[in-house]
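A, B, C, D and E are the chain letters, set down in written order, and residue numbers restart from 1 in every chain.
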Amino acid sequence: MALLEIRDLHLSFGGLQALAGVDFEVNENEIVSVIGPNGAGKTSLFNAITGLYRPDQGDIVFGGHSLMGLEPSEITRAGIARTFQNVRLFPNMTVLENVMVAQHCRTHSGPFRAVLRTPSMRREEAHIEAVAKEILAFFGSRLVGYRFDQPAHSLSYANRRRLEMARAMATQPRLILLDEPVAGMNPNETGELARLIHRLRDHLGLTVVVVEHDMGVVREVSDRVVVLDHGIRIAEGTFEEVAATDEVIEAYLGQPATPT
Amino acid sequence: MTLTTREARKTLRWSVIAGLVMVFTSAVGMMESFDDRLIIYPVLSLGYLMLFWIVPLAGFQATHLPRLEGIEPPGKGLSNVLIGALTGLGAGVILAVFVVVADRFDLREVFVSISPRLVRLLTFEDTLPGGLLATVLIPTLLGTAGGAFHLLRDNLGRRLVLALEWVLVVAILEGVVAQILRQIRLDALGERIYTQRALEWFAAVALFLAILPIPASRTGTNQVERIRQRLFSIDPAQRIRNSVVSAVVILVFLILLPQLLGSLLSEVLANVGLFLIMGLGLNIVVGLAGMLDLGYVAFFAVGAYTVAVLTSSLSPRFAPELSWWLALPVALLVSALSGVMIGTPVIRMRGDYLAIVTLGFGEIIRILFLSDWLSPIFGGAQGILDIPGIPLGVTRVSGISPESILYFAFAFVLIAAWVSWSLQHSRIGRAWNALREDETVAAAMGVNTVRAKLDAFIVGAILAGGAGALFAAKLGSVFPSSFELLVSIIILVVVIVGGMGNIVGVAVGAVVLIGILGGPNVPGLMAEFAEFKLLIYGALLIFMMLRRPEGLIPARARYRELHADEADQDAWLDKSIHPIQSRPSSSETTAEPDC
Amino acid sequence: MRKWVWLLSCFLLAATACGDGEDETTTTQAPTTTEAMMEIPEDPLGLVEVGAGEEIQIRSLNAITGDVAFLGLPNQRGVELAIADYGPISGRSVSVGTGLDDLCSPEGGQASAQVIVSDPSVVGVIGTSCSGAAEAASPLISNAGLVMISPSNTSPALTSDLAGTPGKSYQVGYYRTAHNDLFQGQAVARFVFDELGLGNAATIHDGDPYTQGLAQAFSDAFEGLGGEITTFTAVNKGDTDMTAVLTEVSAGDPEAIFFPIFMPEGGFIVQQIGGISGLEDVVLIGADGLLADNFMELPESEGVYLSGPDLRYGANTNSITGKSAEDFLAAYQSEYGEAPSAAFWAHSYDATTMLLRAIDQVAMEVDGTLYIGRQALRDALSGPGFNGIIGHIECDNWGDCGSQLITVVHHNDARDIESGKSNVVFGFSP
Amino acid sequence: MSEPTPIDQPVLELRNVHTHYGPVHVLKEVSLEIRPGQIVCLLGGNASGKTTTLKTILGMVSPTSGEVVIGGRIVNGLPTAEIVKLGVSMVPENRRLFNRMTVKENLEIGAYLRSGDTSEDLDRILKLFPVLEQRLTQRAGTLSGGEQQMVAVGRALMAQPKLLLMDEPSMGLAPILVTQNFEIIQQINQAGTTVLMVEQNARLALSIADYGYVLQTGRIVLNDTAQKLATNPEMRRAYLGEVD
Amino acid sequence: MDSLLWGVRLIAILVLIWGVAGTIVQGLNGAGPSAEAWRDLVVAGIAQGAMYGLIALGYSMVYGVLGFINFAHGEVFMAGAMSGFFVANYLWQVHFWDNYFVLAILLVLLTSVLTSMLVAVIVERVAYRPLRASPRLVPLITSIGISFFIQYSFAGLFGVAVKNYPPAPDSLRNRIGFLGLEIEGTKLAVIVVALISMGLLYLFVEKTRTGRSIRAVAEDKEIAALMGINVDRTIVASFAVGGVMAGVAGTLWSLLFRGVAFHTGFLPGIKAFTAAVLGGIGNLPGAMVGGLFLGTFEGVGSQLVLAGLGIPAVSQLKDVVAFTALVLVLIFRPTGLFGERLSSEDRA
């Protein structure tokens, strides 16, 4: 059964039609790439799924329940996490805090317990911290140790991208949405990230949806590729199938896809 | 010796600035009105201090060059003295021109403060030509001193400034120092060093010489850091022992303090305490959760009025005459409820919308308390009188004895600080931080933004309500005029000047602004500045924001936020990030995931 | 830590070393030395000592910032001018320091009073401007043994009901030269009902305790006389457009409007009332808040009645300094560059001379030190009176020292303000 | 400006430029030169000082020492407007159009400093990008990504620049747009405009450039012709993703 | 939460209807204000609102280009009104004012406009320019500081007493027939001049080269600089234009209310800020309409709604009505009546 179903999704901003009836499904434990030219509606789609935009029409069903009308935080609680195209960390919070915040919806202590420092609240704090460290360890030695207490903005670009993924993982999602995860990275880092995406699925059992311009990465990671243009789906299939579609070449690739 | 164009321009600039500041100080009436107060007998009055302080500073600035990495600092020498002297001279000439104009023409039709007495003061009571010489000469000398300052060794310079500062503080705060001396039974000393509210010149010299040998450290923060490290050492047992010891020490200190300080300082500190409680509350709303609340005084008013209505025998409609102790929890509850009521409609608004709407709510609540419509309940313009104070055993604590009120202020401040600290270091505090940094992302990371904001609003409201309850008991009466917009603004200023997001910062802000300059409805230690308090307040705020926008004691995050550019540069200058040659190979990706 | 010990001892040493020549026993409260030529007086509340060459300290506590600054500054300046006119006492000049601010609020009054009482050299206080500030300040000042004389508090609670019952907030150290407000409302009510023969009236206050109280007193008295209050309403300080409030008033069709408020709102009312239909013939009555030049110089203020203390200073001179109102105003103009912005400058001047005269009466010089008994000072203030600019000044048992005559003047000519202030059409005293 | 530029005189030259942000030393002894008709690329990772270099050239930050020379004239300390007047314009990263203005206004504002009739230039731009013809009255914010890119380039060309600066022309664009963009750069260059391109995608940049500089922590660490750089082993390891 | 919000909206509407109905019933019984009184209320409200609008334009201009609330703008307005007083007073003393009123008022206008402009520009240069890159709270707090500083500098320099402008000649103060309505001449003049100024400002921003550069700077300062626009000068220009509007408002204010003191600017400043938010901040037509709406509602609202609810002393609650209107508008339309126009920098 499909984990995520998008049904006939419409979204517009003052006359500009960002999504014009998108349909597709994502199955459990699958890696799906969404590609398309600039302005095709990829990021709008992510924003609609995570509740930042309210679609005009259509439905988004996750794990059998509709997400329509839910607050972003409720959608996160339901099990969808995301990263952002232009890396949006909490720049002045430390690396550890960034990851700890993301467990907000999995924990409960309110202001009252925090002021009284009840044992349950302290246990919870310890647990949050342990989980955060565990997740950061997923990225090897890059984000651990002294880096725990560094402010996020002091990280290198690539590490910021990694931290953003760690943060998304900390919400304990079933589905993770990655928005251009390799933009601005050099070839080495790009390769590493592609392997990481595989590990998200293989080791953590997550389902992944990726928006990406880098065709090398798309080809490497995707089980399936969905192509959007002008807010509608114009093609779907494996990378090779899609890359051979005339419409896709015309709208998006311009020339036969070369591995970069 | 010639000056480069750059130096000449700088000299001109600073002499004009200094000259204009002196003219302004005179024209606005500060010089004349402060001249009544001598601070060092018989040579220096507050008026002349306010007039001339800028000149040595200008001399200093005109010769000051910022340090840059990798660039040789230019040599120092006589040119510094020359530039300083020229700066002072220029400033003096501007002042002299002003004096001549003020003397020749009658400007009082328009400028009410330019009086014949002012001219006499500016010419040192001398006849015009002779006096003018002094008008020019004194700034020249002061400017020279400022310029020559660079020739001193760093350490000596700092010590000189420190000693000078202390002498001025001891001289200006005559009332406070004298009272402390009386409290510790040193009346004789007090009477010896002060005369006519001014420090005797020999006492000033003695104090200066006494302080001079003390080595001045460049950064106080290093020492604070060291002490902190010593207190919170790694070993948990030691740490607990240290905390207990320091807690006891602080407690004993707090218990003794009011007795040492006497009534005046206790009164001032109690007012500082009230503003500090509110500052801590507003810090949660603005500093942590990032909502600009300009109507915070509303909750203060609600707390005060609740206590007034419940405890006073003269409150018009309900007069249950409860004990303050019973009224307090009710006041906190009512404040929390008003937090919900005001918070709910505004919480979804962003930034400036939130600011103006909260401002509106603050005004609405004040006007309602003032109104004839609700005066059958709240007394309207006549307020509610005869609030009995805090019953404590056989006595009642009220504003008549500020020392005992101060204990309550301490207790409330400690509670407020604890609430603030523990919330800041908890799940909800992290959520607020995230919210402030990026609301959209916080929502996407599972933070229920509406709920978190409302929590901040409510906690802030409760703290302000507590402050209000204490305020009513201290004052013995409440009037709507105590809850004007200015109060909200000043609290915000306290938070930001002190250092937003930082408890210690807010405390320092409250002490400096409310304690020294005075709050919206209360004078501070420098009660003499009353007439010009808000003028100085304004100037100080502008200066602060230009020079140190992160506040006196900034929170780390806040400092970084404001110096993001530099910090970013720092980050990439760190060679460990992104070096071409030493780039680690992708071997680390083979590390096993353990999540 | 050691540094500080060293510093302190060094400082102490230096200070004491330099002060060798002087006597060590300046702290004695009331020693009974018999060797002295004259005996040092005793006083139950203690003595203030002023050494040779030192100044006698008094304080001014008035509202000098914010939108009430116009009320307090003339008071403060009255104090300064009075001190200058009075001259030194026993060879010692009198210092008022820089003016303190009562901020027209109880908390301001309380805190500033703490500043004053913490300084044992202060003898007395001229202030406060506002009754609300006095409520909080007078207990502190009185408990500390000081005296305060207010030039402009009018609340009955601070003194008495003029019939022998002390007010709620009465303090023994409290005096005032301003009138007691108790009867102003009644006076205006009688003036409107009896003198003008008008049966209905509206009132407008501005949310200040003083103006609201006065409006309330008027409307109670007016209804007591059988009149009808058509509208009892208010504006806010800072309002400029009075159309709304005047429209509200006009709906009741009153014959008179009593608006005991201040500038600039009072000015806006007379300026804008011409544009309101239905209020063309209404009689306007203001109170002492508008007995100020910048209101009375408005052409539209012609025809307005103003109630308040008797301002017919005319030829009155202050018997202590010999100055008349005219002298005072000339000195004021030349010193401060503007005319007084509120009505109580003369009260402040007289209050200050009253305090200085009492100090002069009780101060005794023994061995080069001047001793001022605090209780003696109170006794002197309560003693026989003198003539001030505002008329005869003599204190009753509860500290009301000024004339209690409330007058209503008819202001006829905006170019001749003084005649307007003297054009008394009604007088009332209890 | 009036005298003809000698053929070998560089359009732009940086001589030992140092730049500070506050006390922090950002650019260290950066020297580079660009000759007429060239396409030069400036390569480097994130935060290596590329953008600061552009800002220094454009006078948005002024160098603490060293000289920025444009067309033989030292321009240190001149305001940006003056430098733009000397014939330098830039296509910023992520396009950054004035979204609330129409396409036409966007293009016209590119010629802000030029007095007189600019309709001829407008025609020239529209000939280069015919798609924009019917978009002229539309608000720029409503265009598609590719069209926005055209407006951004067109806007820069309206100033008739001698030197065109391109900041990260490949960043965040779909493959077809990247290709188009680089074709346009070549086209513009062939029409006589010198181009300085700041790029992270070294492979792409070197494929059309004549010469390249590599910045690292504020210092030029490598410079050579594009072909040689593309085969430099250090380059290959660091920027071209080839693990040795 | 949502349902609560809807509850608030519903209650607000019910209270509004109930109040208005009460007033109408009162009016039918002949107890309320007369028809002329209502007309006067509306006209006075519009006149007041027109001045709010003029001041609000300054807030919006600055908000547009720099993205923060210039709290000190009320003081810019006060400075204009205050400086105009001295000229007017002089002209009155030499009998120029009554003899050549139009010329005199033009001189006063010129003084006010120049002073306000100068104050605005100096403030920008000294205090705001160094803070361009700071987070928005920093210039906001600075502007509060500037507000105090200017107020108390003026108190010190020119005295604390309220200063009265000389009255306009009777010909202007009489009622004039306009569109079939009898309107007080001064108010009509105020409304007309304000509307003309607003219109000119709109044309200036939309049509001129400087206007275009102001819009460009508002959207993206860096790119505007790349186009060769002198950003500093453009920002100064927008402060100056805001100052001019405040100066015009200062003169109109003095014509209508005539009393000026050092604290005159504070409350109108807050109200104008409210008006700017009400209309949608950064939005120039919004600021104008917001000002007119606020002024009118402030004048009429308390009579219209509260009196019908049987509340005494309704005029005292004028500000409650005004701010409640603001809250309600923002609850229904969270970005103001006309929507905000944020620059791209703000959105990021």
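Everything that follows uses one rule, which is that a contact is a pair of C-beta atoms (placed from the backbone, for glycine too) under 8 Å apart; a residue touches a chain by one contact, two chains touch by 3 or more.
Note that the structure is predicted; figures quoted are calculated from it, not measured.
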item: Starting at chain D, fewest touch steps before arriving at chain E; value: 1
item: Distance-maximising chain from chain D - centres being C-alpha averages; value: C
item: From chain A, the most remote chain by mean C-alpha position; value: C
item: Identifier of the chain whose CA centre is least distant from the whole-structure CA centre; value: B
item: Mean-CA-position distance for chain E and chain B (Å); value: 32
item: Distance between chain centroids, defined by C-alpha means - chain A, chain E (Å); value: 47
item: Computed distance of Cα centres, chain D from chain C, in Å; value: 74
item: Residue numbers of chain E (touch at least two other chains); value: 152, 155, 159, 312-313, 316, 319
item: Contacts with two or more other chains, residues of chain C listed in rising order; value: 65-66, 207, 232-234, 236, 336-338
item: Contacts with two or more other chains, residues of chain D listed in rising order; value: 45-47, 238, 243
item: Contact set on chain D toward chain A in their complex; value: 45-47, 142-146, 148, 171-177, 179-180, 200, 203, 238-243
item: Interfacial residue positions of chain B with respect to chain C in the complex; value: 33-34, 36-37, 46, 108-109, 111-117, 175, 178-179, 182, 187-189, 191-193, 195-197, 200, 202-203, 205-207, 209-211, 214, 262-264, 267-268, 271, 367, 370-372, 380-383, 385-386, 399-400, 402, 471, 474-477, 479-482, 486, 518, 520-523, 527-531, 533-534
item: Of chain B, residues touching chain A in the complex; value: 418-419, 422-423, 426-431, 433-434, 437-438, 440-450, 455, 458-459, 556-558, 560-561, 564, 567-568, 570-572, 577-578, 583, 586, 588-589, 591, 593-595
item: Complex contacts: residues of chain E adjacent to chain C; value: 31-34, 36-37, 40-41, 44-45, 47-48, 152, 155, 159-164, 167, 173, 175, 184, 187, 253, 257-259, 261, 263-264, 266-268, 298-300, 302-303, 307, 312-316, 318-319
item: Parts of chain E lying in touch with chain B, wherever the complex brings them together; value: 1, 4-5, 8, 63, 69, 86, 126-127, 130-131, 133-142, 144-153, 155-159, 270, 273-274, 277, 281, 311-313, 316-317, 319-320, 322-324, 326-327, 330-331, 334-336
